[in-house]
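Attaching a single structure in structure tokens format; questions to follow.
Letters A, B, C, D, E and F mark the chains in the order given here, with residues in each chain numbered from 1 onward.
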Amino acid sequence: MTLQVNNLQCIRGDRELFSGLSFALQQKQLLMLEGANGSGKTTLLRTLCGLYLQEQGDILWDGVSIRKLDDQYRQELLYLGHYNAIKMDLTALENLRINTLLGGYNPGDNALMQALDAIGLFGFEDYPTRQLSQGQKRRVALARLLVSKQKLWILDEPFVALDVAAVELLQNIIAAHVDAGGMAILTTHQEVPLTTGAVKRLRLGEKQGVLADA
Amino acid sequence: MKINWFKYAAPMNFYSLAGKLIPFFWIAAIAFTLLGLYWGFFKTADVLNDQKQYYRIIYVHVASAWMAMWLYAVMVFWAALGLIFNTRLSYMMASATAITGANMTLIALITGAIWGKTSWGTWWDWDPKLTTFLILLFIYMGYLALQSAIDDTRRSDKASALLALVGLAIVPVIYFAVNCPDPNECASLHQESSLKRVEANILIGMLVTTLGFWMYSFAVILMRVRNIILDRERKTSWVSKLKEINQ
Amino acid sequence: MLSAFWIVLKRDLLLALRRRNEVFTVLFFFIVVISLFPLGVGVEEKILTKIAPGIVWIAALLASTLALDRLFSSDFEDGTLEQLLLTPHSLSVMVFAKIVAHWLLTGLPLVLIAPLVGLLYQIPVDSIAVMMLVLLLGTPVLSMIGAIGAALTLGLRGGGVLLSFLVLPLYIPVLVYGAGAISASMAQGVSIQPYLLLLSAFMILSLIFAPWATAAALKISIE
Amino acid sequence: MSEFFSMGGFGVYIWSAMAVAFVLILLETISLIIQRKSIIRDIKRVKRLEQRRQKEQTSR
Amino acid sequence: MLSAFWIVLKRDLLLALRRRNEVFTVLFFFIVVISLFPLGVGVEEKILTKIAPGIVWIAALLASTLALDRLFSSDFEDGTLEQLLLTPHSLSVMVFAKIVAHWLLTGLPLVLIAPLVGLLYQIPVDSIAVMMLVLLLGTPVLSMIGAIGAALTLGLRGGGVLLSFLVLPLYIPVLVYGAGAISASMAQGVSIQPYLLLLSAFMILSLIFAPWATAAALKISIE
Amino acid sequence: MTLQVNNLQCIRGDRELFSGLSFALQQKQLLMLEGANGSGKTTLLRTLCGLYLQEQGDILWDGVSIRKLDDQYRQELLYLGHYNAIKMDLTALENLRINTLLGGYNPGDNALMQALDAIGLFGFEDYPTRQLSQGQKRRVALARLLVSKQKLWILDEPFVALDVAAVELLQNIIAAHVDAGGMAILTTHQEVPLTTGAVKRLRLGEKQGVLADA
């Protein structure tokens, strides 16, 4: 499985965010997307998901355009954006259940409870998420990662609002996913040491380009 | 003798006090209601001929109608007390009163509708009195709906109390508007008291039943307050020491 | 495919039922709206019976629009909508589930409460049956047309204008024929069949096109 | 007797009015009793859980 | 103090102009409601003229509640409302500014469009003037009572319907006397002065109490 | 000027978040609030603002309860929460203008433009904030700090969504404010070196208490 990006150009309003962007991502690889605020990271991630339409260039999954693959591609994809995509009126468990069901599989409530416990929400599973703190809400969204079967994770600033312990936990989760043959693309402004697996770096903005692989 | 009122404003003390009072109110409620109905059904044969027998609905109808209005005042009273002194018990009393008030309104409406069918030949008519009562039901329901829509008890107490106060300001105006849609014709609004036209025997039955309903309201409101107290104070030590929890 | 429909439908109903009282609130809201009219219009029985069809439809329209606003926008604002777009299911199916949920919460209660309206406005029993029937046919159309508008105007600046421009004129035929059918059933010797046929046609057409159009509109709006 | 119950033809109405009133009153009372029982049951359950947890902690 | 009023008022109007929606939604809704009745009731002139006052006021009530939902909730959701609470100004003043903005956007357009209603329902010219006058007196009261309800239901699920359910019964006095005044003006030899006095009294009372009560409700809701 | 907190207790739902909390903050001091997700940092900050009502204890400003001082206290206070409190339909400049005007003073459009430029929004002043990136939106909210005259800043995770350069910039802004005789309370999960001024640390959660002053 490969994600291949060829000569991508994105325009927002009347500003060109980036152009001629090409890279490829293999299994067991992790792509760190860097760039200042407003350099187009979120836009790139959303384009990779098919939520935003590029001006030029192709995005290929195993050599086929993601537009053509459509739901076959989305089957392999897990995207987590700036928003948590959880419903404030539902409990943590209900949110997680619905999100995984919609993702296309049903791990059962036991697995879900375990995932919530693992992410540090023990005792909060039955609270409406409205009553959780900012970081706890983020954790509810992130719990999906623990029960996901998708190959490609696209995470937009996943570490935001998390405390130190949770950041470390999440690092391990991502590393484990990549090691197990997954792929991940993520952006973050925090310095997060991600050691295992092959880490690629891509910089958007003034000095756009693929940096040295770690 | 000086009674320490504030002692009973604490939920813990009020809980046990209410527990002691409830049986008495139940006995009084049953006694008065049965007495009133007995009087109304068996001592009024001379007043009611065959075409007027439907008058016997009056006992439950008027009793519930009066309680419906009276309980609204009681509810507002507790709500205001809560907002002023910020005592938890007052809020609890207010919300306990609301449900019984709504129930009484519903009884008055339904029995009134049945009466209407016998007396006017129609279930419903947009008569001022009936309309006022329908609106009173809406206002009770609004209070209850608001209360149940808020999870946080602190907020739901205060918000619904404020709504009750706003209602207090507007309900009399609504009553006036519905009863007197043309201000030209009611420069002096004096409602003819319908009580004057009621036979003394019926009146006695009616009043005694109303007393019974009143006692009933006391009883259920106190029961509900006890439930609310238990529910909200479940984490406290005095609750876990209660007899009913430990048996 | 079917499972996506059920998941979304269940989710939306769960969200609405989180407070059991919400359904009752909708019911009471109808009764309130319906009892306002006699206060404003006066209580002449004949007139009341005559305007009853219009009143019922206004209440339907109002309930439908009041909840329409939040149909997609609450999902949009918390990022749930883009997650729906990214699931491996057909968007139209999920959108259809959302529309069905909207109707179950705003249209169906109105159908069920119709007999009470009949009681309050002294409408003959036959006409009450007709009223329930046309409401059953017409309110889904309101939900479906409304959904297209809601999707098109999602998060747009000045979206509301578009919504009302778009949706309200499309509502009017439903209202006119819906109210017309009830009035016709109260008049002597007027057939209501043409009304019913027209309303059914509206419903079938909107069933076919609305979910698809709404899904397309959502995809445009979410970029 | 049946004359008493028929109430000059209005029996159905009168008795149904009485019935409505007393059914609603009864419902209110019963619901309160049920509510009280379920609250007490709930408190007891939580208390038992608490006690067991404490025991486990001390035994550890 | 005055400056806080102007800043908030200007801000709300600016936002509405950017979005342009609320004004039009409300206007369209009003027109649809008004034009529905002749279609449903049939065009018997006498009946139409008779129910016109009631219909106008009902339409005004419903239109007013339509936009009420967003009065505070959009500010609540993006954190602007808590910032308002933290400014060194009196909350009632700022709340009053928001109410005025709401009225300018939903009440005033109705007053201005009233002559159109007169045309549709064949109301005599004198009565149209009265209609505009009572709408001018009555719609601010609607906005003010509505604001209290909006503040109380802030951030609750099912907000829109719950809000209308709470608020509509409280609108009744305005409805009764507003519609009564127009009817009286169409009848021969009935003075409309008492109506106007009553409506003015409502307005003054709500001017005094509503901003204060709304501010209190907001403080309760924002915890 | 002092902010004094005595024996504060806060309860959310049925959980006690903290109790017996006491500390004092002087001019030229900065308080770093620490604690895991859900430990009650946001609740404490909102209580200090008077947005949330404590169960017990007093909050005194110059010895007077903040409830009594009311708008006099709010005059001295600038709070920035998890939400940006900006209107998506207004431009960056309009948002900043309204926020400062409501804060009680009018620095004029030139000063506002300069503030926006300084915070890195040059060229974006006239965009509706809807069209800005996450970090740029946060900057619009933070621009208020540059033109503020308030003495007490209460900032809830101000560094979230900011890129590295902006984090540094914001650090300097806060440091300058404290040095100039202001006071600041802030929470953050990122390691942010704040060197100048007296930094106090307060930890919520399991090991609640005032840590050593730096």
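Convention: a contact is a pair of C-beta atoms (placed from the backbone, for glycine too) under 8 Å apart; a residue touches a chain by one contact, two chains touch by 3 or more.
Bear in mind the structure is a predicted one, so any value in this text is a computation, not a measurement.
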item	value
Inter-copy rotation, chain C to chain E, in degrees (Cα atoms; steps of 5)	175
Proportion of interface numbers common to chain A and chain F (over half same, under half different)	same
Most extensive contact between chains (C-beta pair count)	C-E
Most remote chain, CA-based centroid, reference being chain A	B
Separation of chain A from chain F, taking each centre as the mean of its C-alpha atoms, in whole Å	30
Chain B and chain E: spacing of chain centres that average the CA atoms, whole Å	32
Chain centre separation (chain A, chain D; CA means) in Å	52
Centre-of-Cα separation between chain C and chain B, whole angstrom	37
Multi-chain contact sites of chain A, meaning residues that touch two or more partners	82, 89, 128, 131
Contacts with 2+ other chains: residues of chain C	15, 18-19, 22, 25, 28, 32, 39, 77, 157
Sequence positions of chain B contacting 2 or more other chains	135, 138, 141, 145, 149, 152, 178, 181
Touch list for chain A against partner chain F, complex	12-13, 35-38, 41-42, 82, 120, 124, 131-136, 138-139, 157, 160-167, 189-190
Chain B partner contacts - residues on chain E that touch it in the complex	145, 148, 152-153, 156-158, 162, 165-166, 168-170, 172-173, 176-177, 180, 184, 190-191, 194-195, 198, 202, 209, 213, 216-217, 220-221, 223
Chain A-touching residues of chain C, taken from the complex the two chains share	3-4, 7-8, 11, 14-15, 18, 77-80, 82-90, 222-223
Chain A - residues contacting chain C, complex	49-53, 71-72, 74-75, 77, 79, 81-90, 94, 98-99, 101-104, 128
For the chain C and chain E complex, residues of the former touching the latter	15-16, 18-19, 22, 25-26, 28-29, 32-33, 36-37, 39-42, 47, 50-51, 53-54, 57-58, 61-63, 65-67, 69-70, 77, 153, 157-161, 163-165, 168, 171-172, 175-176, 179-180, 182-183
